[in-house]
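This structure is in structure tokens; I'll ask about it shortly.
Read from first to last, the chains carry the letters A, B and C; within each, the first residue is number 1.
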Amino acid sequence: MKKWLSPSLLAVFFVLSAIGHYMDWNHTLQFVLSAVAVVFVAGFLGRATESVAHYAGQRLGGFLNATFGNAAELIIAIFLVKEGLFDMVKASLTGSIIGNLLLVLGLSILAGGLKHKVQKFNITLAGLNGSLMIVAVIALFVPAMFLNTHSITDKDTDVLSLVVAGILIVSYIAWLIFSMITHKSYLDDVTEDNEEELPNEHAPAWSKGRSIFYLVLATVMVAFVSEWLVGTLESLTEQFGLSELFVGAFLVAIIGNAAEHSAAVMLAMKNKIGAAVEIAIGSSLQIALFVAPVLIFVSAFTAHGTMDIVFTTIELVAIAVAVFIAKSITQDGATNWYEGLLLLAVYLILGVSFYLV
Amino acid sequence: MKKWLSPSLLAVFFVLSAIGHYMDWNHTLQFVLSAVAVVFVAGFLGRATESVAHYAGQRLGGFLNATFGNAAELIIAIFLVKEGLFDMVKASLTGSIIGNLLLVLGLSILAGGLKHKVQKFNITLAGLNGSLMIVAVIALFVPAMFLNTHSITDKDTDVLSLVVAGILIVSYIAWLIFSMITHKSYLDDVTEDNEEELPNEHAPAWSKGRSIFYLVLATVMVAFVSEWLVGTLESLTEQFGLSELFVGAFLVAIIGNAAEHSAAVMLAMKNKIGAAVEIAIGSSLQIALFVAPVLIFVSAFTAHGTMDIVFTTIELVAIAVAVFIAKSITQDGATNWYEGLLLLAVYLILGVSFYLV
Amino acid sequence: MKKWLSPSLLAVFFVLSAIGHYMDWNHTLQFVLSAVAVVFVAGFLGRATESVAHYAGQRLGGFLNATFGNAAELIIAIFLVKEGLFDMVKASLTGSIIGNLLLVLGLSILAGGLKHKVQKFNITLAGLNGSLMIVAVIALFVPAMFLNTHSITDKDTDVLSLVVAGILIVSYIAWLIFSMITHKSYLDDVTEDNEEELPNEHAPAWSKGRSIFYLVLATVMVAFVSEWLVGTLESLTEQFGLSELFVGAFLVAIIGNAAEHSAAVMLAMKNKIGAAVEIAIGSSLQIALFVAPVLIFVSAFTAHGTMDIVFTTIELVAIAVAVFIAKSITQDGATNWYEGLLLLAVYLILGVSFYLV
């Protein structure tokens, strides 16, 4: 494992894919180089997250990972919003939410469950996460229902979108105050005791300061490499006749969430399922409650006008379906391999449906 | 606090708003007088409920409060049914259900949560309440789905409405038998012990008989003042160009539930969250399972024909959304301020949507 | 009781209804004979199941009962698929799912709850069953949503149906591996200890081998008698002008699930609610995750082409509604008579709606 993640190979492939991208090499070559680079930087990010989680606790570590993971997506999406590509933005937000709730969470639970019979995490936090997810679904679902069944002016649609976006951001900030300040100890993972490892085996190789620096560095690298890879993908997928919806909601989302993937699965296999769940669910909540609303506010200042909060019916169905099954599976605070498999089954059903439409 | 609720001021404003109503004073003056009167009588009702709850236990006290609170709404609605104003009846039933589940429950949990870190109540009762709420949603949702997707005669629609109404009333009566007789002790609030106060501090000022008399008196006063206030509101809102749907589902419902509001929030702040939840959820269940079906049966004897049970799509969405988030938040039998805020966020989203439509 | 189930009377009515069926006697006479025979064979099956459950444990016994009960339905449905009667197949699958989740489960919980104040069963198993049910709903709901909102070729519809069917079968096989092999002991009913009876009172009358033989024999007899009864019903219901949808989803399903009915209710009354729940929910899961997908694969080899997985809107609503209320009621691992009544209320609402459409 150490070999694979060796810093020199990481640097070589990162630099090669950077050169490939800016020199506009052959797209297939660009794709191969940046795909290999993603593997290395995601592995690097996973180690950095784990190290930070060691110092900061599972939940804060999970939050940091989710935030750094989504920073890349937010930046990419702002560029798309500036160009008025609202449909693609919504497709990739949808894909990011379901990708985290089904693919990242599913793989983590499956991988962790194959090594450990039953994995437990904080049931109170699971319940709160579930309620937050339902609020997110409601906030996306209600405007769409009202606008589909009633005629309403464009101006009122903008007002509704901005008000709902404001409510979501306030809810998210209140959540941070609640979970990090007023009820921090209340939510502290009850299973953390069970997860103590032998100190010599798992003591992180890096100091606290260096871990944080590496976390930031790795996240930035993931952001760059992801964008380069996405750039090549779009031209490659044209060859294969894939729809924009499928590319946005699945391919882009899978690659854009590489950071969450690698970190969450790695933590789950070390029986830190609480941190893995926090990354997967925390990341999807951040997308729905913070990234999406921020994009709506940003769009209000662009030449293309305000991006409304109205997602398409199949996007809403996909999000609602992902939330329901993820909530059902996590609400008892215990996971096993079969539950991971169920999440992946739902992801597959959605993927095939999006692919065929 | 005592000053505020002083009986003489209460009487003065009640009488003034009565005179204003029957003498048909200027509407703005009427509005101000009755709005102030509502504050006093709601406070009075809150104290009476609390006193009765002291003698009767939290659950029976909550049930009594919910019943007296809804008696006013039932009476007003019967008058509306007699005049054939079925749409307004359904809008106000919808508003009453979501007002109790989101606004009353949300404010109670938020206010209680700001004073007490975590508040606990009977988890078994929460689960049963959740199941009952889902049955109520199903009973409203299924007929609407069937009638929207299939052509069906008016007579069959009446039959379906009456049968479903009958099933709901039977379910509600069975619920009373279950919760008050066969499984009374099973449901007794497990947290009641934690909530014992120092006897000299909270011993009610009134005897048992006087408390019950005051409860009835206060409820009747709330009913009258609410109606007077509603009367002025309708003409006032015309000036501001508000839709009937918004007025019926939000303004009327908020004022009509003043009794539940004041009692529930006051109990929550005294850490009697079990009684507060019982008032809020119990009241909305009573609306859905008893008040609405009774109105359908009453309508069958009026000149305007049977009121069908078919709510509009956005009313159904509002009710379903309120039930899902309330169920998600209460099902673990513990609440905190953030959960109250989430309920209020959903109420705000629905309010803005109804306002703009 | 023994008298009623006496083997000679059972044999007489079974043979009489067989003769009636193959000699094509008067339909009303056929109906009476086979209806009486159903009562006897269902009772026989109930005793055999109980005896096997004694040797095999509640969960395996429940699984065996569900499987043998559904074997009959699968065989009947294959004949219908061969004749291209896809709509009737889907109606009867729908009826079987909601019949098990609402009628069988409701009657079991009600009957058991009238004898025992509160009945408990394995809460972990209940949670997993709930998640599986949600996956089943998603698998039926997502393709229907995508196909209703987008134009899609017939070939792609077939591909989608076959892929989803494949995912469901894999999920079901993985569930058997999980619940019977890798996590068998984890799921073993925690309440089994509470349900030990006095050995002399309940020791089964039959040996292990004989019990299994009787279970197979009784299931085969139920399959035959059900089919004979269904045959007469179809001509009888024509006289009364019932719709195919109602007959398929209610009458056929009720009779076709006679085996599950009798066994589950009998077990619930003996306080073996865990086995009763396993029969009811296990049977409906088997229909959704195994029987329906197998029928889709079978249809691909028939002259009528592949049966798609797209159920009608009201079928989907009925299934979703049944799953939500069943999940809500079972998720706390405890049941009482009122919860049984709620399930029956929902079944009645659906029944009346289907009848009137």
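One rule holds for everything that comes next: contacts are C-beta pairs under 8 Å (C-beta built on N, C-alpha and C of every residue); 3 or more make two chains touch, one makes a residue touch a chain.
A quick note: this is a predicted structure, and the numbers were derived from the prediction, not measured.
Chains compared, chain A against chain B: the Cα-based superposition rotates one onto the other by 120 degrees, nearest 5.
Judged by shared residue numbers over all numbers used at their interface, chain B and chain C contact each other through mostly different positions, with under half in common. We define each chain's centre as the mean of its Cα atoms; on that basis chain B and chain C are separated by 40 Å. Among the residues of chain A, none is in touch with two or more other chains. For chain A in complex with chain B, the touching residues are 123-124, 127-128, 130-132, 134-135, 138-139, 141-143, 145-146, 149-150, 152, 156, 159-160, 163-164, 167-168, 170-171, 174-175, 178, 182-183, 186, 327.
Those residues of chain B that touch chain A in the shared complex are 117-118, 313-314, 317-318, 321, 324-325, 328-329, 331-332, 334, 336-339, 341-342, 345-346, 348-350, 352-354, 356-357.
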